[in-house]
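Please read through the structure below; I'll follow up with questions.
Letters A, B and C mark the chains in the order given here, with residues in each chain numbered from 1 onward.
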Amino acid sequence: MNNKSGRLQSAWGALPVVVFIAVWEIVGRFDLFPGQFFFPPFSAVVKEFYHLTANGVLGKNFASSLVRVLIGLCSGSIAGIFVGVMMGWRSVINRALNPIISLLYPIPALGWLPLLMLWIGINEMLPITIIFICSFFPVVYNTATGIRNVDGRYVQAAETLGASNMRILFKVVIPLALPNIFTGLRLEAGMSWRVLIAAEMVAIPTGIGALLMQAESLVRVDIIMVCLIVLSVMCLLFERVFVIMERRLIGKWSNHA
Amino acid sequence: MPDIELVNMSRHVCRNVNLRIMDREIFVIVGTTGAGKTTLLNVIAGVADYKGSVLIDGASVDKVSPRRRGVGYLFQGLALFPHMTVEANIAFGLCAAGMEKSAADRRVASLMEMMHIKHLAHRYPHTLSGGEKKRVALARSLAPSPQVLLLDEPTASLDHQTAKYLRTELVSLLKRLEMTTVYVTHDLREAEEIADRIALMSHGRIEQVSTPRDFFFDPRNEFVSEFVGMPNIIECTRSRTLTSGLVEVVSDEMTMVLPYDGGNIRKIAIPPDDIYISDVKPPGPALNRFTGKVVEISRYGSNVRVRVSIGKNRLLAELPASAFDELSLEEGKDVHVVIKLRRLRYVES
Amino acid sequence: MKYLKMFCLALTLVCLVSFATHAKEEFAINIAVEFTDHAASAYVAQNKGWFEEEGLKPTFYSYVTGMSLAAALGRGDIQAAYMCLLPAINAYANAKVPIKVVTGLHKHGYALTVNPDRIRTVKELERSDIRIGVVQVGGPVDAVLLKTIEKYGLDRSKVLHRVQRMNPPVQIMAIRMGKLDGSFSPEHWPALAEEAGFKVLVRSQDVWPQMQGSVLVVKDELIKNHPDIVRKLLKITAKATGWIKDNPGEAASIMAEQLRIAGDKVFPIEAAKTAAQLVITPSSVGRSMKRLDYTTDIDPGTIQESIDFAAQNGYIGKGFSAHDLLDLRFSK
């Protein structure tokens, strides 16, 4: 009974997607509104997806984008967690860094683009740096908040049980702050792809963003749609990875902390 | 085991508190909410800043961090680490001390056995009942073999039965371990049951420190007297054993039969709410029943206090105002009195 | 009699008003023009009021990218466009935009400018430390780059590895910042690069002798419903093209002024930045215009060559006949 209802639920969830694709296909095939030329049917997009995969163009560009995201996201997250832990754990560090972080945090990652183009130039470091910035600030904030929000009683309990400051930090405070940290990571996992695409659209020779620009220049809407689908899937996938990591690491207790 | 001394300690509501807790005694601090009971525990544990001095075994620990004071602390909220299993919670202090794993595992196993929580080893705190959590927290605080144990309302938010059961086990354990224990509660009856000595706190001040008996028979001031319920102290002129477990005591015109298996009783303390008054003769056997005269009636909050004279004895009875209003009693009128002691408090010859 | 005179007077007045109204009846048309001196004929005609003389009321629009221009044509936001040939081929073949090329505007007009301290020969484009700015794939500038690689026997992958895709104004900024060593761009941008110290190394004439530059493109709809308007557009364009050849100095002055005005609208921020450093002077525009061959002559063979080139290099899926895209009835 559970299996049947589970399958039924999955089918119900997939129905809107199927309807959406069906409508897309129908609208794309028939001349229903002006400028229709710029709305290829779903099947044309799938065909182009296959074509781009078979000739290696999509794979090559995707690999470039993936490497940039992984480097930027990992380095930004690790740096963010490190600084966030420092700021949350020691109020003197928080007082020193908070004004700077507060000033820089509201600047959208893409707002840095013109400056970075001048300082870094147009090379691999440009998109990686943008993604680093996009990941770093939110992770710092969420981590510092998570650390500060850990109930002081847990720290007191650990102290009376003889734990050193480092043990308290690594065995008690950071684990209890993980739900907040994962919130930051999950949000930035998808955002990093969106930011990457925009950064790659500025003169970077490879990557999904570069492919998108080429497609625009060639008036290839089908290729643009392939790029957007890849972007959407990667955003979802990356967010999902963090959800699964979160569930594995802290799922047993995080709802009850 | 060490003794504990607080010298001119001040923090928050507590001002210049001086207190001495003997080694191996179960010292209970009672008081209303906000009296400063938990503050005292925090100061002894070293998890709060304070002015003044704390000495453990005669040595000042003011500059000693909580992790080195050798104090086990059962927090009121328990503070069980939600991300660790029961086993890991209990082992935390042992790992912090650098104990070898196999030794730590053995100690954890023996503590879980002692607290009857072995079956909970791999569970997380949020899956435990209130009573189970308390046992785990207690096991955790005992694991590093502290010399002093601080317990902050350990039976709070438990139902009556579970609280009673836990309290009994706790007292037995504390007596066995012979630890210097400071136990905080707001329930005087609980304090009576387990304490070697009781300290009554109010607004950060120690009102009285004495044995449980002395609280009833020798309250230092009106506050203490009110807190213990203003018991009626009856001097017994004669006491004789009727049969095993029953004794008859006489005090002027009052002859009472009490459940007691011991020597001669010289004084008994009768709480006002153990005295029942009626304008008509109540049914039942004439045991511990008297006729008296109403001397004084006064309203006290939602209760009514009625002073009744029975011979030379003047007893204070207290009953809810709604119950009093159903009686037609007034000063000078005769009244029927029944004494139903829920707990015998006495002083022997 | 009195009434007869009054009647005649009234009739005359009605006729005059009708005539005046008819005479003032203008055809409103939206036209896209490139933000370069490729569209000089359009800018000159606008400056001289020749559109209005023919009863046309044009509104000019400039588009930054080929797709936005193709989309505007597709939606019907614009009815005609002065645009480069290759983007027109892409829009027709890839997006099936219903357009026709009705006349040419010029031949050539694309060049490679280089920092003479960093690049002296075409072969040096292969160097690993070289950075070359090029407009996006699929356009005439990219075509000139590929032709250059072919003609000079360069290593395609090495050169393409040095390429950074960016629009001409961004290339000029990058040149000023020292971030580029070479720049492939459409005129008049090479002239601005020269102002920044670069030198022309390769012109489209050097690698593609009969390269068609820009063309006048109109929507099928306009041809079908208003062939007279198309005829007028051609007439205006031919007149302006002839005038440019006869009056190069004045044409350069007009272009310089028009590009400054148009630049503010198209790239307000970027143009302001560029303008702060490089002034679009008549002399720089004049130098640029000399590198174009302004002519309305158009050869189907050359168009076919461009279509085949586009197909071979993946700009379009497959080739087609130039006659499908051309409609030269009105230019005869």
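Odds and ends about this structure:
Keep this in mind: contacts are C-beta pairs under 8 Å (C-beta built on N, C-alpha and C of every residue); 3 or more make two chains touch, one makes a residue touch a chain.
Quick caveat: nothing in here was measured; it's all calculated off a predicted structure.
Taking each chain's centre as the mean of its C-alpha atoms, the one that lies farthest from the centre of subunit B is C. Averaging the CA coordinates per chain and comparing them to the mean over all protein CA atoms picks out A as nearest.
Averaging Cα coordinates per chain places subunit A and subunit B 57 Å apart.
Note on chain placement: the centre of subunit A and the centre of subunit C lie 41 Å apart, centres being C-alpha means. Computed centre separation for the pair subunit B/subunit C is 96 angstrom, with centres defined by C-alpha atoms.
On the subunit C side of its complex with subunit A, the touching residues are 65-67, 70-71, 74-76, 87, 90-91, 94-97, 131, 133, 135-139, 160-161, 163-166, 170, 174, 177, 179, 315-316.
Contacts from subunit A toward subunit B in the complex involve residues 151, 153-154, 156-164, 167, 171-172, 175-176, 178, 250, 252-254, 256-257. Chain contact summary for the complex, subunit B toward subunit A: residues 42, 45-47, 65-69, 71-73, 75, 77, 79, 81-83, 92-93, 96-97, 124-126, 140-141, 143-144. Residues 34-38, 118, 121-122, 202-205, 210, 213-214, 216-221 of subunit A touch subunit C in their complex.
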